[in-house]
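In the two assemblies presented below, chain A is common to both, partnered first by chain B and then by chain C.
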Partner chain A sequence: MPIGGRKQPPTAVELEHATVTSPLSGREWELPGMWNRMFEQRVEWDFTTEGFEKIGSLEGGESLEWCYGCGKCVPVCPVDLVGEYGPRKIHRKVQTGLDLFTSDDLWLCTTCMNCLRVCPKEVDMVKVMPAVREVAVAEGQVPGELADVFEKTFRYGNALGENPRRRHAWTRDAGVDVRVLASDPRPVDVLFYVEDYWSYHPRGMQAARSFARVATALGVDFAILGPEEKTIGDSQRLAGEKGLFEALMEDVVATLDRYEFQRIVTPDPHGFNALVKEYPKRGHRYDVLHYTQLLAPLVDRIEWRKELDCTVTFHDPCYLGRHNGEYDAPRTLLRAIPGVRLVEMGRCRENGYCCGGGGGGMWLDGLTANHTSERLSERRVREAVESGADVLAVCCPYEVSRFEDGAKSTGNDQLQVRDIIELVDEAMGGGGG
Partner chain B sequence: MRIVVAVKQIPDLVEELELTADGTDVDRELLKMVVNEFDDQALEEGLCLKEAGDAELVVVALDEPDVDQTLHAALAKGADAAIKLTGALTGWIDSHRRAALLASWLSGQSFDLVLTGVQAADDLDGQLPGLLGAQLEVPHISVAVRVEAEDGMAKVWQELAGGTVVVDEVRLPAVIGVQAARQAPRYVSISRIRQAQQSGGITEVEVQAAELGTEQFALRRLVAPEAAGHAEMLAGGAGEVADRIVELLRAKGLVRS
Partner chain C sequence: MGSERVVVIGGGPAGLAAAAAVADVGSAVTLVEWAPFLGGTPIAENYAALTPNMESAEVAMGRMIDRVTSNELVDVRLGSQVAACEPDGHGFRLELSGDGAGPLHADAVVVATGFQHFDPGRETQMYGYYEFPDVVALQDLEAMLKDHHVVRPSNGQPPERICFVQCVGSRDRQIGNEYCSKVCCGIASKEAIEVRQQLPDCKVFIFYIDMRMYGYWENQIYWPAQEQYHVQYVKGIITEVLQKGDKLLVRGEDTTMGRPMEVTMDLVVLSVGMEPSLGTRLMAKTFGVAQNKYGFIDAAHAPLDTVSTSRPGIFACGAALGPADLEDSVSSAAAAAVRAVAHARSHQPVGA
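Let's look at the complex of A and B:
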């Protein structure tokens, strides 16, 4: 597998054939491609500042025009690896007249933040893209598949459009009691914020049950909000629906205000990101942990009952790793599991690849497919297979479904995709999801 | 031109429907209500008409659960006014009563076009547009897929069986039952819906429908449909399953070779 990925062939700006007519004699010359490149207007002369003015006037959109074209961002852009993308390319396109507000290019960025990590000019696509998207969304210029998710999130409080009253249906088969605060509002140490995919996706529900068993075995005092829980909606925010995010935040804060808890623990790095970075901006401060951060310090207390005997590689979630600097807690858990041999993929930790689900990408697979040679998740699955692993371990609720699909569609059914909590649970003698 | 779009709420099927103990209605205690999807199409066609010319668009609904959300969304999309008809409205409102209630308000209004959904989950016969036209004593056309209006006349593209489309001309005012708008209903951002919520904008009007007479029916009992059969799950490897699917398709005469 070439490290540089499978690119889509570039689109030539120049014409292959041109007919040049003499203004004096009216005679025509047929010119082949090599020649007519001299007769096509070159992009250097197509320069416009209009795009930067429009984008730069938005809060968060200022930094796009700071780009000086060094191109460091392109080889680290996960979308460029399977297509033609990256901030430097977007910058050049806007410079030559692209209207980003109506272009499909607006929706391909997963806000993974790898470009910002290497950018000497601090061009921040994690702010630029949502700012431009917000304008597009307000004008109704939003891909149908994404609009559908926005509407479902607004109506039901979850991206899947599932029945809010069934949010804690997963607890039924957990094998341990899971306290729901609405029916038992006593103070609790850990408020377990389950989020959408662990609440409703069949594979996520398995992970949620594993978490409940592990937390119970370790004596963690935890409870959930059950039907009162609504998604934090951070990916919807990054996909341009800031109004939706703010509406959700009002509801979430009002619900949290009703209960006494010490810490919030969530399996979702996206919700985690918003609670850590966005909520404090609006004056809402909580002690928040990703579930791997809760469990890693407790690892010595775990009684292991089973050796798993497998080679595992780990995919860093963009919003736990690059966005929030946590690379070690998941690895601490994996290394502690008896029989697990941890191998790293070439792209890991700070340079970890992206599953394609962030920034709204979770709900844009249809649009993205028109612009990429393969899904980001498929690319990542092939990297995992190349590492020699039997198991691709993850700790973001978006990833199990994305990578399992990728394993099937790339013919790598032998690769198991499992949340770290499922591996921990299995090695502790639980069902393992 | 003044366009009135009548919308209604129907049970959201994200919840499983349950019947009340006496079996005469769905249990409305725990139901969520959403706008009838055909009414959403009627609203979109109305908005397209408004944008194509000089028109005022008023959206009207009975005071049913969660209707404010529907009316605020309509205002955010571009409706000029939203009217909520209040009164003694409980339980299921059948299409005769609904038409009478809407007509009692509409008869005091000036309007050129009334658009409403061609049908609804609880009005599969599509009675409402016709009944409303009759009550208001104006022409009615249903199953519309496009409406254009000019000089007191409307052109209505009507979809008939077998994919035939006829173009009718009708003198205004008229009632049109819309099956589909010329484009997909637009997305309106949550910020705009929230702005509409905060600025109010819903006018409440109390209505009393005229006596409906003795032709009104009495609902005796609702029953949930019984499952007629079960799906057969094909087990085995991908190859085996594929062979079995081909075999089944052949047996049913759906493939030739």
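Let's look at the complex of A and C:
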């Protein structure tokens, strides 16, 4: 039987009409549906190779069949901890006839990559899931909430469906000048690729302002694309919209081609991932840094004005840590802040827990809630509280809102969720977001 | 070269390897085989390809046989068996019966009498080996693979779905075979690959308790079977086989799903394990060497001496000592040969 958290009842099979013959009188009785109710049969009655054949024929789908059932992936799968899901289980379900293309299981994976880290057979769900999702998307089998985000991204160039012209509205209250290349196209050192959530989400905008103040104070020569910026769309790619991602790549590259810059710096590990790994596959090569990687080497130049006096724990973003191997830059910044006592959660660095936002999970909260006992972000918030921290520090734009919601819903309002840049800004005497 | 003579009993892979090794180091050797041909079980049981390298059993064994028969130091006695053994000075006086009957002096003996396939009729689970024509054992499928004619014996049609049932006759206290037979996981996977090669449309399933792939067999057989030949491995063993229409219904537990399973198959292959051959049992008695509780000859000084028996001058090798794959068999054969030659020479007058 499923363990833990599965909220959906077994699929009921009801016959509209049934006629049974009495063994005594021989009389035929019509039975209404309520008496004909059956549940999914318990006995496994077939094993099939069809699912593997279909999935294995997709580029990136080959490795699902390689699973030999060791189960190392399941205890590290963030979804399995709150629900009935895990890569090994997907393999077995497909072997026993699951049509992954139409199953909710297809949308639960956050592509956090913790399974691949431990998989002896290199079953790569980070490739398998997007490959299968791409087919599901083409066939229109997409959860509505996700389809809505695809539509917004296609239409407005951002996942939130916000007005592209207001993409740099956050700069107004930054307290420092932020150069927009469209109006001032002089060459620049750092092209700051703000991405969606720092551009539009209220808490993200605070972080963006903090970054602008910190970068300015450190003498970083930076500028933004402003209204010309579109999302890189890496999470849309992993959620199955490869076509959209590639169309966005063309737009992004065309925009970037118009300006002279030395490096791209972004706060979004997802966009970072695509620029580092996907763009070069198409010949687009840039010098790309996550903002923590830009600032970490500069900490000695920071003039601190305030001691924060707080205990901070840090949540590694999957796409900065596991996917791209950067664990130290965020910690270097945190350790440099006066008054910050850094404590680690049990799951951190290579085995860091996932916030639930990756691979399209950001936009699948409704579907995921049907299959999990709590949100991944809620579980992570409880881990942060258990660590004794007052502040849960993050450096991925998805996470502030996810964890703030999680802190409220788990009754841990005392836990502050702050982007690292907000803490740095505050300790430098800025607004701190 | 001295006048010493080593007698090797059994003309299978281990016996052939032992005889060749004895001759290679310059001692005379008599190879006693009770069948009218050399090659042992791979030939007698019609093996198709040898595990893991997939070379034809006939070709590979033929090479071993040629190496022995072409060596003038080797005297081969086919259709013969050792009827009696008496001490004879430091050696033994053997009495052969059969085609090569007569007395024979041995300065040392290597017993290489091997194994036999477990008889699935003794299985406590109801697999119906003798009831259902479409339930076969590994060696039955080997014979079909060798002929490139894999069919359901019931109707002569190629099967669309085949499953292997692992651990038949092994790892079972009730049967008395508590040991793992070592090779069946690899053999089943090898046969599964061959089935997929010969019948590309046939689905192949392997039901197992745990896959025991030693060393390189993991990447040489198991992983290719799964990744390149799409053999489906299901963790959970079959408990019984029933007739369902013209199909077979296999019943067991899918242990990773925690649910019972009932699946139809066209052909069920029982992965039978190893038991000591009749020859191994008889020779153990004839030579008075200790056997373990399963009837295999006891390696008296294991683990670091794998070929000495309880009786000085009598050595054993291959599957006469317990479940062994071909690689282990020929390796222990070489070890037994060199020990036998050393024993024989230690009692020979120098320069004789």
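Heads up, the rule we're going with is that the second predicted complex is superposed on the first by the 388 of 433 C-alpha atoms of A that agree within 3 Å, B and C clash if a C-alpha of one lies under 4 Å from a C-alpha of the other, contacts with A are read in each partner's own complex, and residues count from 1 in each chain.
By definition in this document, a contact is a pair of C-beta atoms (placed from the backbone, for glycine too) under 8 Å apart; a residue touches a chain by one contact, two chains touch by 3 or more.
Bear in mind that the values here come from a model prediction, so they are computed numbers and not experimental data.
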Original post:
Who does A:V137 touch here: chain B (first), chain C (second), both, or neither?
Top reply: first
**OP:** Could you say whether A:Y156 touches chain B, chain C, both of them, or neither, answering first, second, both or neither?
**Re:** first
**OP:** Quick one: classify A:E241 as touching chain B (first), chain C (second), both or neither.
**Re:** first
Original post:
Should A:Y68 be classified as contacting the first partner (chain B), the second (chain C), both, or neither?
Top reply: second
Original post:
In the complex of these two chains, what residues of chain B are touching chain A?
Top reply: 12, 14-15, 30, 32, 34, 184, 186-194
Original post:
Which part of chain A faces chain C closely enough to touch in the complex?
Top reply: 1, 42-49, 52-53, 56, 65-66, 68-69, 71, 88, 92, 95-96, 121
Subject >> Parts of chain A lying in touch with chain B, wherever the complex brings them together >> reply: 137-138, 140, 142, 144, 147, 150-151, 154-156, 161-163, 165, 241-244, 246-247
Subject >> chain A partner contacts - residues on chain C that touch it in the complex >> reply: 203, 205, 211, 222-223, 226-227, 230, 232-235, 254, 256-263
